[in-house]
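Dropping the structure in here first, questions after.
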Amino acid sequence: MRTALVGKPIDVAAIAAEVVSPEDGALSLFIGTVRNSNQGRAVDAIEYNVYAPMAEREMTALAHEAAAQFGTSHIVIEHRTGYVALGEASVAIAVAHPHRANAMDASRWIIEALKTRVPIWKLEHYTDGTREWVEHGQVPHA
Amino acid sequence: MRTALVGKPIDVAAIAAEVVSPEDGALSLFIGTVRNSNQGRAVDAIEYNVYAPMAEREMTALAHEAAAQFGTSHIVIEHRTGYVALGEASVAIAVAHPHRANAMDASRWIIEALKTRVPIWKLEHYTDGTREWVEHGQVPHA
Amino acid sequence: MQTMLTFDVLLFASYADAAGSSSIRVTVPPGAAVQDVLDAVRVAAPALSLPTRPLVAVNHRYAKADVAVAAGDELALIPPVAGG
Amino acid sequence: MQTMLTFDVLLFASYADAAGSSSIRVTVPPGAAVQDVLDAVRVAAPALSLPTRPLVAVNHRYAKADVAVAAGDELALIPPVAGG
């Protein structure tokens, strides 16, 4: 089990290799990526603002709760900080388990909980030079 | 959209890079891996027997059905053939979509359908030298 | 009088092991359907001990028992699949 | 008479932008709770225009309005989160 806030591009293959143990038959990976538009506005990049010590604490708590609920400690969560360019991964959640249903249920639970609880905010930079804080519940999101 | 039967190790990072387009905000990856035991028996490797032309046809059909149902053509499915060693990926399903629910729903639908319809069979090789065909519905599986 | 139809029905996995072969040759009368091919396979390869309603593919598509078969069709018996 | 409690309450994202600062200093009486801190923030930074029940963290945990605060606590106002 490992959670991290990271300032560099997320290495999906490394996370996949890290999380799978010999007893696992399934790996579920969720990757959030920066897309080129939101609400019809053309996006250039996203800048993540993070309350780091609390975000780390919440991500660790999420991983432990998921481990208890879904029966696996083979969990890795990474979230980017700062500027993230178009197409890059902003978050990666990897869960491995002997059986696929648990792996998929756990990764989905984690991304939903992360978006509700972990103190991270995104400032969208638009191609017209403007910027805006995205708040869940206000706008659709990935 | 791409589906393939492959005789070499699956490159998860390459598939992730291939499937995500600028308009996608979410990537859901499911990876099946060869685990070291099944039904309490120690497993050495899995040998996949494939009815290739029909398996390719069914995988392509699955991808098209998922595209229509979940609203994305950003789908890659790869399945190994022949011997696959412990810990290696036997199948990879990648779906990208602007929104995460569709990406996760689609990848899950595809793996469940694949296990029901695509003519592929696995011969488990056990560490005691014996081998046995695994039939879904008969034994639990990943 | 029409010519009889001959097929080399493809076998896979446990079916191939049980039959000791990756295909089995059967001959059915003109106008035959999938069910007639299955009946002929049971006679030709009793060791195969097929389930009551095995899955059959005709030209790479699952086919019901009443589907007609024609010369040149690729027929296969599909054991319970186990991919993934 | 006990000493008053002073906190530099942390602000993030839209809250920091609205206040023009990444923290805001408030002073509350001994025995104060989260709600008292919130009231003091509203007075000290009217431009912030907080929602009725903003999320508050005390020492990196979400805390309800009736939780007591003590000298040395790290307090933060948490705008609606948007990670992922």
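We just call them A, B, C and D in the order they show up, numbering each chain from 1.
By our rule, contacts are C-beta pairs under 8 Å (C-beta built on N, C-alpha and C of every residue); 3 or more make two chains touch, one makes a residue touch a chain.
Quick caveat, the model's predicted, so the values are computed rather than measured.
Considering every other chain in turn, the ones in contact with both subunit A and subunit C prove to be B.
For the pair subunit C and subunit D, the distance between C-alpha centroids works out to 74 Å.
Subunit A and subunit B have CA centres that are 23 Å apart. Centroids built from CA atoms put subunit D at 27 Å from subunit A. Chain centres here are Cα means. That of subunit B falls 49 Å from that of subunit D. Touching of two or more other chains is recorded for residues 84 of subunit D. Residue numbers of subunit A whose C-beta contacts span two or more other chains: 32, 100, 111, 141-142. Counting only pairs that meet the touch rule, the chains in contact are A-B, A-D, B-C.
Those residues of subunit A that touch subunit D in the complex are listed here as 32, 48-49, 51, 53-55, 57, 79, 90-91, 111, 114-123, 133-138, 141-142. Contacts from subunit B toward subunit A in the complex involve residues 11-13, 16, 20, 22-37, 86-87, 89, 96, 98-100, 103-104, 107-108, 111, 140-142. Looking at the complex, you find that subunit C touches subunit B at residues 10, 12-14, 16-17, 57, 60-62, 76, 78-84.
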